[in-house]
Amino acid sequence: MKRVAVIGYSGNPHLFSLSLKELCIEIGKELGKKYIVYTGGRDGVMELVSKGVKEVGGVSLGILPFEEDGNKYVTHQIQTGLDFQMRSFILVKNVDVVVSIGGEIGTAIEILGAYSNRKPVILMSGTGGWTDRIQKVLIEGKYLDNRKLAVVYKATSILEMLKILEKTIGE
Amino acid sequence: MKRVAVIGYSGNPHLFSLSLKELCIEIGKELGKKYIVYTGGRDGVMELVSKGVKEVGGVSLGILPFEEDGNKYVTHQIQTGLDFQMRSFILVKNVDVVVSIGGEIGTAIEILGAYSNRKPVILMSGTGGWTDRIQKVLIEGKYLDNRKLAVVYKATSILEMLKILEKTIGE
Amino acid sequence: MKRVAVIGYSGNPHLFSLSLKELCIEIGKELGKKYIVYTGGRDGVMELVSKGVKEVGGVSLGILPFEEDGNKYVTHQIQTGLDFQMRSFILVKNVDVVVSIGGEIGTAIEILGAYSNRKPVILMSGTGGWTDRIQKVLIEGKYLDNRKLAVVYKATSILEMLKILEKTIGE
Amino acid sequence: MKRVAVIGYSGNPHLFSLSLKELCIEIGKELGKKYIVYTGGRDGVMELVSKGVKEVGGVSLGILPFEEDGNKYVTHQIQTGLDFQMRSFILVKNVDVVVSIGGEIGTAIEILGAYSNRKPVILMSGTGGWTDRIQKVLIEGKYLDNRKLAVVYKATSILEMLKILEKTIGE
């Protein structure tokens, strides 16, 4: 099975807007049917996506900083002993594609980290934060530097995200 | 579910003695029924243990160096991007107990790494390598330094190993 | 003594424009008089800055990936055994301020990594690459996310850079 | 200049015996005249060795865990952001030879880590802890596993240590 990471906002998921909450859970459900899902294992987007994965009986792995415990929905947790950012590089190395939802600086580092590790990124357009901000600095609308290491895609719906996944890594 | 790591000899498992091969597979089967099994994800003991885990429908996770692919029996693989030894510290951090079978210098580092992370170690006595060698330098027959961070146990059979596991981490 | 990192373009420094070459060497000279200078230890900006530091009898440390040797101008080299990006986080953790000159994706990760570790960044405006690109996505002209972890400054000359350094970390 | 690491007991150096204190300072002085000295940057043996290095105007680098500050005698400090053990692997990777004085589990991991990275180790015999304990398990009196990756030497005096250094890495 192919492996897909979902990255994005951390924080208390109960404070998320209803539409953001639903988007995350729905993405978890769709990805959980076909792929192994990797997240940073913590709260926010990570928790809601793993919740969705669990609802469809899929598998999600949480790649955690230090010796933190993962959220209650991860199937398996990996405690890296590394700080937040270094552990993010283990997360992106492990997957075929990265899907990004909103997010602050940690998400930005993961988007760039994915690209530098030649992993395609799918930005869920309209979710705010760095997922939208990074779109302003894309080269030729799809690269993050002149080396063109990987393609950065934009998706405006889950359906579109699934089509890009199918195209790039197959079912 | 509790988590148990198995460490030990790497190398081509077809070159292992029949009794060592059987021991590893049997340990994988027994652990796979009750615990999540973690290994270094590569060949040798790691491969045979994951084979045993798979035979009973259990789950094994391989914590791999660099971006290496795991052996064909691991349920999930985690590529750490780290070298052999640094990745060993992620392995031991993730589990409740470590079981050791023979092994060269990498195994020795994992035994000491487990102890320094306050994880109990069960040495499968008679399997050679560092699993037997380390027994010569135990303090009071069970510690690896004067800080007494964790207990190092010896088991001469799988049954004894299972009893120690039950005693230390429950079923 | 305070510690300052310089990050930016890698590659053959002989292929750099004369003005870029001179900027890097001059920055090395100015920083080398007052601060310990940290770089990624490799070629490009890293090499030219260390050359400048050496010319004034200063000290530069190169924080290297894997077990690579540093360029011939670093005073001391530190081989981290980590890949390019993970080692970048050791680089930014070690300094009080980061100065950025041009740069591709690795530089972008270092700018964000510095900010996420609450280190001020001075962008040498007009040097191209991510040093200029990142300016398009600053929040309130100086932050990289809503948490406002550190200030991102812009300098259009070495003199301006030195003034910002004086203001933020003293001489 | 060649690079030599000194590893060993941590803890308050004022509680060390007079002879151990003098040994560490003297080793620092002798190494500081000819080599760049690397330590773990903290207290105990690390501090006393750096004190000796400083007394002769030499250079010592402290490779520190997390974002800890080094002892007051280190010339330069490197904060790795990594935990105690992972940072030890950066320490041993950076040097040509490792000298060991006493030590608890962290020192044991560094001795094995040096050997696994093919670095010769000089055990200062009679200093207790793992420096003496490891001698009980050497294969053919000088190896730490069957792969014979590097030689483990024993020295009973500073003079002997210096001769081994001269023989293995030159002056």
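A, B, C and D label the chains in the order they appear, each numbered from 1.
The definition used in the following text is that a residue touches a chain if its C-beta (ideal position, glycine included) is under 8 Å from a C-beta of that chain, and two chains touch if they have at least 3 such contacts.
If you're wondering where the values come from, they're calculated on a predicted model, not measured in any experiment.
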{"item": "Interface with more contacting C-beta pairs, comparing C-D to A-C", "value": "A-C"}
{"item": "Relative to chain D, chain with the most remote C-alpha centre", "value": "A"}
{"item": "Distance between chain centroids, defined by C-alpha means - chain A, chain D (Å)", "value": "43"}
{"item": "Between chain A and chain C, centroid-to-centroid distance (C-alpha), Å", "value": "29"}
{"item": "Rounded Å distance between chain C and chain D, as computed from the means of their C-alpha atoms", "value": "32"}
{"item": "Residues of chain D touching at least two other chains", "value": "81, 83, 86, 89"}
{"item": "Chain D residues touching chain A - in the complex, by the definition given at the top", "value": "81-83, 86"}
{"item": "Residues on chain C engaged by chain A in the complex (per definition of touch)", "value": "83-86, 89, 104-106, 108-109, 112-113, 115-117, 129-130, 133-134, 136-137, 144-147, 149"}
{"item": "Touch list for chain D against partner chain C, complex", "value": "36, 59, 61, 63, 67, 76-81, 89-90, 93-94"}
